[in-house]
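Per-chain residue numbering starts at 1, and chain names A, B, C and D are given in the order in which the chains are listed.
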Amino acid sequence: MIAVIKKGTSDKQLENLTSWLRAQGLDIHLSRGSTHTIVGLVGDTSKIDAELLESLEIVESVKRISEPFKSANRKFHPDDTVINVGNTSVGGDIFAIIAGPCSVESEEQVLSIAHSVKAAGATMLRGGAFKPRTSPYDFQGLKADGIDYLIKAKKETGLPIVTEIMNANHLELFEDVDVIQVGARNMQNFELLKELGRTKKTILLKRGLANTLKELLMSAEYIMAGGNENIILCERGIRTFDTYTRNTLDLSAVPMLKELSHLPVVVDPSHATGLSRLVKPMALAATAAGAHGLMIEVHNDPKHALCDGAQSLTPEAFADVCASVKRVLDVI
Amino acid sequence: MIAVIKKGTSDKQLENLTSWLRAQGLDIHLSRGSTHTIVGLVGDTSKIDAELLESLEIVESVKRISEPFKSANRKFHPDDTVINVGNTSVGGDIFAIIAGPCSVESEEQVLSIAHSVKAAGATMLRGGAFKPRTSPYDFQGLKADGIDYLIKAKKETGLPIVTEIMNANHLELFEDVDVIQVGARNMQNFELLKELGRTKKTILLKRGLANTLKELLMSAEYIMAGGNENIILCERGIRTFDTYTRNTLDLSAVPMLKELSHLPVVVDPSHATGLSRLVKPMALAATAAGAHGLMIEVHNDPKHALCDGAQSLTPEAFADVCASVKRVLDVI
Amino acid sequence: MIAVIKKGTSDKQLENLTSWLRAQGLDIHLSRGSTHTIVGLVGDTSKIDAELLESLEIVESVKRISEPFKSANRKFHPDDTVINVGNTSVGGDIFAIIAGPCSVESEEQVLSIAHSVKAAGATMLRGGAFKPRTSPYDFQGLKADGIDYLIKAKKETGLPIVTEIMNANHLELFEDVDVIQVGARNMQNFELLKELGRTKKTILLKRGLANTLKELLMSAEYIMAGGNENIILCERGIRTFDTYTRNTLDLSAVPMLKELSHLPVVVDPSHATGLSRLVKPMALAATAAGAHGLMIEVHNDPKHALCDGAQSLTPEAFADVCASVKRVLDVI
Amino acid sequence: MIAVIKKGTSDKQLENLTSWLRAQGLDIHLSRGSTHTIVGLVGDTSKIDAELLESLEIVESVKRISEPFKSANRKFHPDDTVINVGNTSVGGDIFAIIAGPCSVESEEQVLSIAHSVKAAGATMLRGGAFKPRTSPYDFQGLKADGIDYLIKAKKETGLPIVTEIMNANHLELFEDVDVIQVGARNMQNFELLKELGRTKKTILLKRGLANTLKELLMSAEYIMAGGNENIILCERGIRTFDTYTRNTLDLSAVPMLKELSHLPVVVDPSHATGLSRLVKPMALAATAAGAHGLMIEVHNDPKHALCDGAQSLTPEAFADVCASVKRVLDVI
């Protein structure tokens, strides 16, 4: 961390600052120039509050050199993390394809889709039991029943299941869930993240709709600080000014996250675009960009889906996407 | 709600759609043009899922005419809502000035600041006991102790208190809190909103960092749908591409929210800018724009504040802001 | 186009509006509901000013159904446009790879890079002679000399050349240039677009840093309205809140633009990310998303490039990207 | 400027870098830490290309300490700039109120509005003769005739006139124009800025729709670098994700620009919001935030204006805004 000191600061003021910083266990490197003096802080600066430092009268600006995330940081953990999930894994040699309906609507629906997506090449089954909806009047999910239907589908197909949590008080319902999803709107629900850090469950953490990559990694850090290192990062589109697609899928996040962190990175092209006809090109693009997997909405009857039908593929269209993804994987 | 039907749709298909819509209790108005047919849906369309409708094969696009919020909507509640809070109120003739430290740090600190801000003209005391921080390694607040100190300050000064909740499980700690704040990161934590809807507490709901005014009002709707109509909306800056200020304070939200809704609207210029020297001009601007009140960070020792010192005013600077705000109020 | 009429509008007012609209050559379809009356405008609404209509006292809101672009619109021109450029083409069977230095720095530099990129598989040579720089103190390009060096490189290698114009007064210098680039900052320099519409030159039109796809197509429309239909659209990243990459490459723009328009779409992964190490993954992703070509910065000595060295590939790295792109093309 | 050097860099490599930097006239301050070495560059770093430096193999990151703008920088010009315009001035004791129609439509219209706005308190007359429109099919302005009508209005009323330029080739038409406006879409039309730098005309420079304050000041720097220091900065709203207002008016830009630069800052609440009913609250807010003036659209018949009628005030409403603005000015 570097603090740039204002011109006109007295030696006494500077000494006060540096002894205060040394008292916090940091080494100090001073560099005096004619217009600016620069204080270099060396040591564990992750606990220094940069905004506080910047607010001091003699400080012009503060720049962090090290990233504030540690457990999620590739610098301290050079090898890719591979997470075992049921009979498969994420982050290693197997390309993860997580597929299923936006919402669980009935036992029949989930079983039917689960068989279809398994046949097409999915490695995991997804489905929403608790649904975050912008309007309180929209369908909120089947809740506990929805999770039961997913577990039945897992028993029948062997596919590990992924479903979203919205309230830490529901955690006991997730005992047989393989991967717990944290949705974009809860990415900075720090109380929920802390609770998930106390479990050993694999967490699929979606990027918030206006969150930076650094904030995504700091949210992963919340979970990891509690002792749970089983985290899958998920890019699902960010909010921008354009309105042709629901969100703007930020695929440069894939190579950037892989550089910054050792955690696996998957991409959700369904929510990102909100349009089923864009799922295939964006799934292929995400694969070519180096993602560790995809998360794709599939519905046996997209036109009558209770939510987000506009972005769901039919099982046939999904099988076509899987086949194309495999061809791209073979050449990169 | 209007659905534009694709060219080439058969009469049979159109009839199927309109009878399905009529079955949901809506009146249908058909307008056939040479290039497009338009279906107007009249009635309570708040329960119609526009995305589902848009996903139908024969539908080209869907446009909502009515706003999807009802309880928060000024159309159905033309008079301004005035909320009584302790010995004062928000939304009526009294301009609310909510002031205090970002974080509660000690009993002495809160008492000292409470007396100062009361003397300067504050109508309520704020202070964070539970703090949402981007990093798990940053100070997370004094929690229950922090609330205790606020309650002591309330007893000494008579100022109603405002403090943030992050977890519905903490609700019993908030029994003597007058206004419960929902922070920007929890604006779409729908589970928390539902719980708060079951209380009768006044809720100060902050706009999320990338949320539209419609989404803010839908989040208010979540609380109101549960039966709690005591909601104060708070504009606190949105995330944009510029980095000189921490957020971009969207003051046009003030007159726009007052037009769309009957709920009171306050502005937080401290978090919006992140810079103490911008608090005064933006507080005056918010007042001139028609806000019902302000929320301002004040610290007796901003340079040593445990969080967000950069945006806190000294008690003297705060007194100057209050005096200027009153002069602006007198002329508008 | 649909206008929603306010409740309480008199028959007389409505008749005034509809006769005014009919006088502009439009057919009118009225749909009266209990809460709203809807006026459907059928005919050539591209000349109707939606904002003016919306400002009328009796109008609640106006929605466009048709896109306001015509010449660029796929609806009126279903087949892909293929543009012949020198000995190659863009938009058809040949995947365009446009490569070269950000800035032309010397004759030797351009010739050396031109030979390298041709050997690696480039179909066109790019190089900046006039450079738009944020600071007036930064290098502004070699101007006329730069274009001369590009023309020499074209003679030696046969590669058609692409270079940016910043001022219509420079047009005569571009006589032997094959493709004239309009940069992101000039995408809405309508005077320049109109001048280019009077030429028959192929124009590579880059998306502005905060422009919607509709605005990009309207800028293409400016050129096409003048009679020049040789336009290549280029996605090069948009401005968002994240700062890890210089811009956010919006790859969903590729399939979306191909759906909306018949014009070819290329992607510039170099400017989009500003980081050479992200060029390969994003080039592959753009290819997989269905782009008609790529525009890539290559420099023989990226560390000493006069501008944008950070995003340039070495000729070796570029050859590797070309080989990988071809493998992806083979399977999609 | 500070360059952070990567761990593992050899002394030899570091020496190469520092001697190269010294050769460019900079003093070098080295600070070696256990994990990072920091190179401080002291001297005129405005000509150093930070991106080039960052691209060097041994450099981890580069941070600018000084702002890259000089002529526009308050540090080198502490006093406010006051610009004389006709019989009035901008930036000093007189609060500038620039009012008039979006587009000049006829001689009668301009004369009528000019007399109205003068009576209400306007200090300058605005009106568009060359209009930048997103669509080539929309009204493009009366051009030379429009300027003639403005000049007649100036002769009749004494009000200095402000009108937009879109093409440097039109400059001779602007001889009797007092203030030449550069619109948001041309803020980075560097060729136009350079031409305007060669004149002595007062330039009203509008912030681009997605440009940072730094970019706005760098564009002012382009004009100033040519010798023309008569520049008025104008905040007119930026593009964000919300759609209730056309743009998001960034009023914190007012105090921030006044801190960074000595140039006067005015605010355009009409274009910012696109809604006439928001003009008054935002005009008052801009005044309270410390703006040096306002730019407001007034039309004698807003419902029939050829462009942007939705955001124009009637002369009566404008007179009310002026009176309220004066009351706010009196108390701040």
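Note that in this section a residue touches a chain if its C-beta (ideal position, glycine included) is under 8 Å from a C-beta of that chain, and two chains touch if they have at least 3 such contacts.
Because the structure is predicted, anything quoted here is derived from the model rather than measured.
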Any chain touching chain A and chain B at once appears in the list C, D
Work out which of A-D, A-B or A-C repeats the contact pattern of B-C, with more than half of the residue-numbered contact pairs in common. A-D
Please name the chain that ends up farthest from chain C once chain centres are defined by their CA atoms averaged. B
On a C-alpha centroid basis, what's the spacing between chain B and chain D, in Å? 32
How big is the gap, in whole Å, between where the Cα atoms of chain A centre and where those of chain D centre? 39
Centre-of-Cα separation between chain D and chain C, whole angstrom: 26
Which parts of chain D, given as residue numbers and ranges, touch two or more other chains? 210, 239-241, 243
Partner chain C, residues of chain D touching it in the complex: 46-47, 49, 51-52, 54-57, 68-69, 132-139, 166-169, 185-186, 188-191, 194, 209-210, 215, 218, 221-222, 225, 239, 274, 276, 302-310
Taking the complex as given, what residues does chain D use to touch chain B? 210, 212-214, 238, 240-245, 248-252, 254-256, 259-260, 272-273, 277-278, 281-282, 284-290, 324, 327-328, 330-332
Contacting residues of chain A [partner chain D, same complex]: 2, 4, 27, 29-36, 38, 40, 42, 60-61, 63, 65-66, 210, 239-241, 243
